[in-house]
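Letters A, B, C and D mark the chains in the order given here, with residues in each chain numbered from 1 onward.
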Amino acid sequence: MKHLGNRVEDVKIAYVGGGSRGWAWGLMSDLAKAEDMCGTVYLYDIDHDAAKKNEVIGNRIKNVDGCRSPWSYKAVETIDEALAGADFVVISILPGTFDEMESDVHTPEKYGIYQSVGDTSGPGGIIRALRTIPMLEVIAKAVERNCPRAWVINYTNPMTVCMQGLYKAFPKIKAFGCCHEVFGTQKFLAEAAAEMLGIEKPDRSEIKINVLGVNHFTWITKANYMGRDLYPVYKEYCEKHQDGADHQADDNWMNNFFVSAEKVKINLFRRFGYIAAAGDRHLAEFCPGNWFLKDPETVSRWKFALTPVSWRKNDLKERLRKSAELYEGKKEFEIKETGEEGVRQMRALLGLEDMVTNVNIQNRGQIPNLPMGAVVETNARFSADSVEPVFAGEIPPEIYPLVSRICGEQQLISEACAERDLEKAFCAFICDPLVTTIDWADARKLFDEMVDNTKAYLGEYL
Amino acid sequence: MKHLGNRVEDVKIAYVGGGSRGWAWGLMSDLAKAEDMCGTVYLYDIDHDAAKKNEVIGNRIKNVDGCRSPWSYKAVETIDEALAGADFVVISILPGTFDEMESDVHTPEKYGIYQSVGDTSGPGGIIRALRTIPMLEVIAKAVERNCPRAWVINYTNPMTVCMQGLYKAFPKIKAFGCCHEVFGTQKFLAEAAAEMLGIEKPDRSEIKINVLGVNHFTWITKANYMGRDLYPVYKEYCEKHQDGADHQADDNWMNNFFVSAEKVKINLFRRFGYIAAAGDRHLAEFCPGNWFLKDPETVSRWKFALTPVSWRKNDLKERLRKSAELYEGKKEFEIKETGEEGVRQMRALLGLEDMVTNVNIQNRGQIPNLPMGAVVETNARFSADSVEPVFAGEIPPEIYPLVSRICGEQQLISEACAERDLEKAFCAFICDPLVTTIDWADARKLFDEMVDNTKAYLGEYL
Amino acid sequence: MKHLGNRVEDVKIAYVGGGSRGWAWGLMSDLAKAEDMCGTVYLYDIDHDAAKKNEVIGNRIKNVDGCRSPWSYKAVETIDEALAGADFVVISILPGTFDEMESDVHTPEKYGIYQSVGDTSGPGGIIRALRTIPMLEVIAKAVERNCPRAWVINYTNPMTVCMQGLYKAFPKIKAFGCCHEVFGTQKFLAEAAAEMLGIEKPDRSEIKINVLGVNHFTWITKANYMGRDLYPVYKEYCEKHQDGADHQADDNWMNNFFVSAEKVKINLFRRFGYIAAAGDRHLAEFCPGNWFLKDPETVSRWKFALTPVSWRKNDLKERLRKSAELYEGKKEFEIKETGEEGVRQMRALLGLEDMVTNVNIQNRGQIPNLPMGAVVETNARFSADSVEPVFAGEIPPEIYPLVSRICGEQQLISEACAERDLEKAFCAFICDPLVTTIDWADARKLFDEMVDNTKAYLGEYL
Amino acid sequence: MKHLGNRVEDVKIAYVGGGSRGWAWGLMSDLAKAEDMCGTVYLYDIDHDAAKKNEVIGNRIKNVDGCRSPWSYKAVETIDEALAGADFVVISILPGTFDEMESDVHTPEKYGIYQSVGDTSGPGGIIRALRTIPMLEVIAKAVERNCPRAWVINYTNPMTVCMQGLYKAFPKIKAFGCCHEVFGTQKFLAEAAAEMLGIEKPDRSEIKINVLGVNHFTWITKANYMGRDLYPVYKEYCEKHQDGADHQADDNWMNNFFVSAEKVKINLFRRFGYIAAAGDRHLAEFCPGNWFLKDPETVSRWKFALTPVSWRKNDLKERLRKSAELYEGKKEFEIKETGEEGVRQMRALLGLEDMVTNVNIQNRGQIPNLPMGAVVETNARFSADSVEPVFAGEIPPEIYPLVSRICGEQQLISEACAERDLEKAFCAFICDPLVTTIDWADARKLFDEMVDNTKAYLGEYL
């Protein structure tokens, strides 16, 4: 890496999971727009062929209109090659295949447990954590070996447990976890502000917020637009839209598995008085099972959707088709900013720009009433070679019972994974808010079945 | 109060709830045995007649065989008379009547929510808190006015919320809360030790323990008998008695509402690896409703009992009869040590003896991973005019999700009570582990019904 | 205050000490440059005539070339008029006159105690605190009465004690304290970077730092320029310039009381390994008296200067002359940015721009090994209606003995002032690093003499 | 180790420094009185001959009148033999010889620095720490290897640094440090109580106290005798005895190097309002050098004494003579309780008796305003296999500046020792309150000279 005045060259980024047909292309796009930094991205993936394809796709971007920074891409066969001397490491992997995810999401339905995502907490998130953490430990150890001073950005879920896995495997790792769910809520607040104040919809960056909680179960305790406190504004909005906001006419919760009417979020506000800051599909999974996920009818009444894994499998086929087209040059790569902040964060860490945004790191007191050392999500200041949490304050009493148990559950899963201890994982499993709808005996049967379904990835536990 | 060498005379104790036909007699008995302290107990009760009767009963004890300390008893008509210049204040009141308690315990049954006690958490405990805290605030203010340096011992439930109520109403109050549930578990450990080690049953005081948690949901993280770690001993015991310990032949869970087979406690240990330290009837109420309290059959399978309020009403009649007999002199007062520690604690506070025992006070760091300022139960050192917590350590990760939510729920109820805010109380209500078995709409109906049933005591909220 | 798109109008600023001939003009200059905010500044000063003059001076600025924002100025006769409905309150007062300061700075010289500034700690700072805090309490109470939600920016010294005074007098006050000493060190680091790296001198804003400590005794634990760690760079620089940096040719320590050769700072780094971040004149006063302030020769050897109060008195005459010229229109007001951040902070608090900078606020954990609640200086994030500390980390062990005692001394003085307790103040006095060079008896005589000299302002203590 | 009812047999104690002619005999005496425990003491000493002599002396005690517990003593040649399977490890060593101590104590006198003890802080304590910690690390590693679950009791000075050395070398060590200085202050309080209240002198155990600080610079914030607050009593006493208490007629500070008139302690109370709880000789060394140790005349005026190392050398000759007599059987061993608590602590750890007393362990929050992890002295509860701190509260603001710097200095020395870093040690050295009376250059010369004088023991640093 070389700093030349206000530019940085020869930046080395290692992308673990670099065969991705989604996140990887987004990163390529954002890098192509970053005028003041340039270098090489090393793509590593257990599907080496996919990485190879992305190498070809990436290297063509130099020639695309709108490319302002000509990055090189190189697929490598080992993780050590990818990481050797890296300045940044991006981790975005799928642990296992969609077959495992199918078990995670749909097996619990036999016991009356419905999950809208199934990758963070709930029975699905817990089993997913079991197979993910050993993979992240391998990566952390490789970072220690190859580039101990690199900054590591994780996008893999379950975020909280993954981050703890990285920290435990290599305690000096400079790692943080990124997630865009909060951004969605900023946009929703912008929408509410526009409607209630009769103004044009602000950009999400203009909605100033204080964030706190655990990933996907984050809360906004202060929101302000141009000096105006958005709490009373949002309160009125929620009263008006008790039954949900039909904010996306074409793309609503009835025909899109990822869209909701924000009805869960609106009613969590009406009930608890604080702004929940993630998609309704995620929020629902952290609440007691009877509230929003009792059965498909309940889900429908709350106007969000259960994302079936079959949809993901189909979607993957689409993305494979797109990959082939890009690879073969039948289709031109389109450079457009993704709204993700990974590249801006890298620029901040390189000293090119300061920023404050929400990330997942260990609690050093930024949330005083959650345990020290637990992975939490709050704002942090990004500056040259530095990520430091901004003080976020206490979890408000109204939501502390909801949040603290989840924080604790994630900590417990982290320990269970680190110790490869299924019985400890089962302690977390039976306490999960979706699983407490059934009794111990059924929970045991479900757990064993889910472990058995995914045992190809759980050898170290058995 | 006068110290004469190793004796203290003219001690003034104010007993709020001094008409009691149970706790009051126990205290009288223990005081009669306390050779090195003597003085007067002022009995105050909203049922002044009951206090008057206890005055007569108490003053007769001087003449009973075995009385080593001749205390005087005096019923007074106002709380100020009772408290003026008091050295100690004992609070042991019934908030409302058993009719209110009947609503607390049995109204939820219509919605499929069963409670074994109903006085601590769960729907019953929450509603009980609402009517209790305003009473405790009155007492705290009276302490501030009359005897700000007195030590205040509370026995009233719900303990955690009551203590917080006292602290909020008079922040400099020197108050702690006492409960004998942990003693019962020490005895059970003594029993287990006797059986597994083939020794005579030790006295509970010989079972050295480290206690932590919130009242009635306390846990023992270290247990030792004569240098021997009881954890492996208890583990074997629990494996042997998976289906419950029939430890009291005559007096078992089938014919006594207060006795259990400890099967809940045994299986919480087998599942989570830590010793729960309260009666099964209490423990069950803090766990997800589907675990132990799903329905009467489940309760029966777990070998404990639901205490009906009708039993309490009958029992009261018995006690009234006994009171009359004692008052009229038809029956002689029997002095026997109760096993309660109130009198020993007073002696410690007077500088006569040091002791360490478990109490309920605010968290100043004795449990680092629960919120500072929350009321928690751990060991504390009692010495002359001093109660200081002993460091208890973190709530272990396996049980943190269970305990932290309860701690938070109790904090939230405390706020709701202090602010006379029913909506805040309802936030706690719907998050309670017994209530999450139903949905929001039903929870609302139940809450409103329970409030309505007890509205005679909830005027300040309405 | 009105938000109009990206502009804010009708902002109301109250300036307490608004007769100032220095800070006030700086603020006027910076406000004139702030295109996106406009409003009125209410000038309050016990010297009402001075405020009146500044009203005239300020209102002329509209017509000066380069004025981009036409602020109005209005002198008022009472603090309540100034504060009523204020959005911002600026506090910049001189407690007492330079006669009192003369006693603060020079009386200790009789006892062999030399002070280079005498306004923060040391005997002078302590006595100054005694007369300042009652004034700040009056201001805090007026804020509570007139504009409890206003943001209060304090520039008055002794900063740490003043901030604590504001917080104690009105606990909900939204106040922070600003000081430019750290900026000077950023500039010095820029200079060192330029020299050692052979680059052009960077702007101070490009030197990214982590700051921690107490005001005027702050330390930089991380410094980075464009991705380059400045610690090794500064280390080399300090070795090269052990005897001081003659960095300002025309304006050096021999002919200017405010300039030093940074020799103290350089050698604190060489000795303790951390970058001290304030002027040498301040740093010296927090260190043991024998190190840098033993006698005038020692000061001279360390290449900084003792600022005599006579200089300040003369300088005031200069400023009065300039004031008269500006007031009479003989001289035109010159608009130039001051480098102070007050106006940028206001813009951030109005939601116009986010920023991170160093401020003085209470410790909520940003420095975990200093006492919670003590006033400390670290970075904080400024955003819409929000100032939140950024986690700064622990005071490094090498400097903890130096810093913790100062932090404690300032806390103790705060208590002494709040309680108007001279004996408590004397506890701080005898422990001060400059005063420990003499014995208790002499310290007592000195203290009494200094109190007596300034007794016109200490009536509430006597 | 075998528990037989209320007795424990086959206890194995390892005594490192077991050739001692003082502490070792005291322990033997106390063990001989301990009816309910028995076993073997393994004596290890680098002076094996001394250990052998103590073996003989110890084994004779069985036959002495008043011996209630017949312990066996066995000198061993290696530390591993001593520690293998030990239940308790006692550490009481002299680091180096009195020649090194002579340099520690007297070399600084050339620079005008006088020390009354020279073994804890001050220049002597720091140099002593340098040679002691490597020895304690060897012991800690041997504990880890041979008896990782043993309880380790350290008596070696400098206590605070030694404890930190043990914890760093073997983080799971179950170690605490004991010191009797606080007992002396309890006795002095008993004396004051007797005089002022006109009562017979109470036993020190009846003086109930709250202790906090760092070893030898501990403070008592609450003191109570039989329910009576001793603070006002002590205040009157101190006013009466401003010039010192001639409390020991035969054995006063003029003819005994270890006795003082408590004048330092009395006047620290009069000045700061808190009871300092160590001998004046120790207290003086933690205060600024000009206060009590300016020169021998000052010491004399404060009525304590500088203990010359020549005295220790002579005293050693006396003890060698006594050792010979005991060894040869010319003199009978006298069993008398020492007042030390080591044996009672062992009994508590064995489950035979609970107790609360002051010890040196890491701060886990017992003193919230000192750094977590620093070694501090407070009360702790001793119970079966457990030592847990009792919450002691914050260092009061009046004395925080004095105490926090010492706590930090000791932490810094610990780091310097662990890292064998003389430059870091010098950072502590120049900040020490006795050394700040001289300038950096002299401090350097002194430090270098003291290191050179003791270099035989500092090989790992050079």
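Things worth noting here:
In this text, contacts are C-beta pairs under 8 Å (C-beta built on N, C-alpha and C of every residue); 3 or more make two chains touch, one makes a residue touch a chain.
Because the structure is predicted, anything quoted here is derived from the model rather than measured.
Greatest Cα centroid separation from subunit C: this falls to B.
A rotation of 180 degrees, rounded to a multiple of 5, brings the CA atoms of subunit C into register with those of subunit D. Averaging C-alpha coordinates per chain places the centre of subunit B 43 Å away from that of subunit D.
In whole angstrom, the spacing between the mean C-alpha positions of subunit B and subunit C is 55. Residues of subunit B found to touch two or more other chains are 368.
Contacts between chains close into a ring here, every chain touching precisely two others.
Two chains count as a pair here when they touch; such pairs are A-B, A-C, B-D, C-D. Listing the residues of subunit D that touch subunit C in their complex gives 271-272, 288-291, 294, 298, 368-369, 371-372, 394, 397-398, 400-402, 404-409, 411-412, 415, 424, 427-428, 430-431, 433, 436-440.
Interface residues of subunit A, counted against subunit C in their complex, comprise 1, 3, 5-6, 8, 206, 208, 210, 222, 224-229, 349-352, 354, 356, 364-366, 368, 379, 381, 383-386, 388-393.
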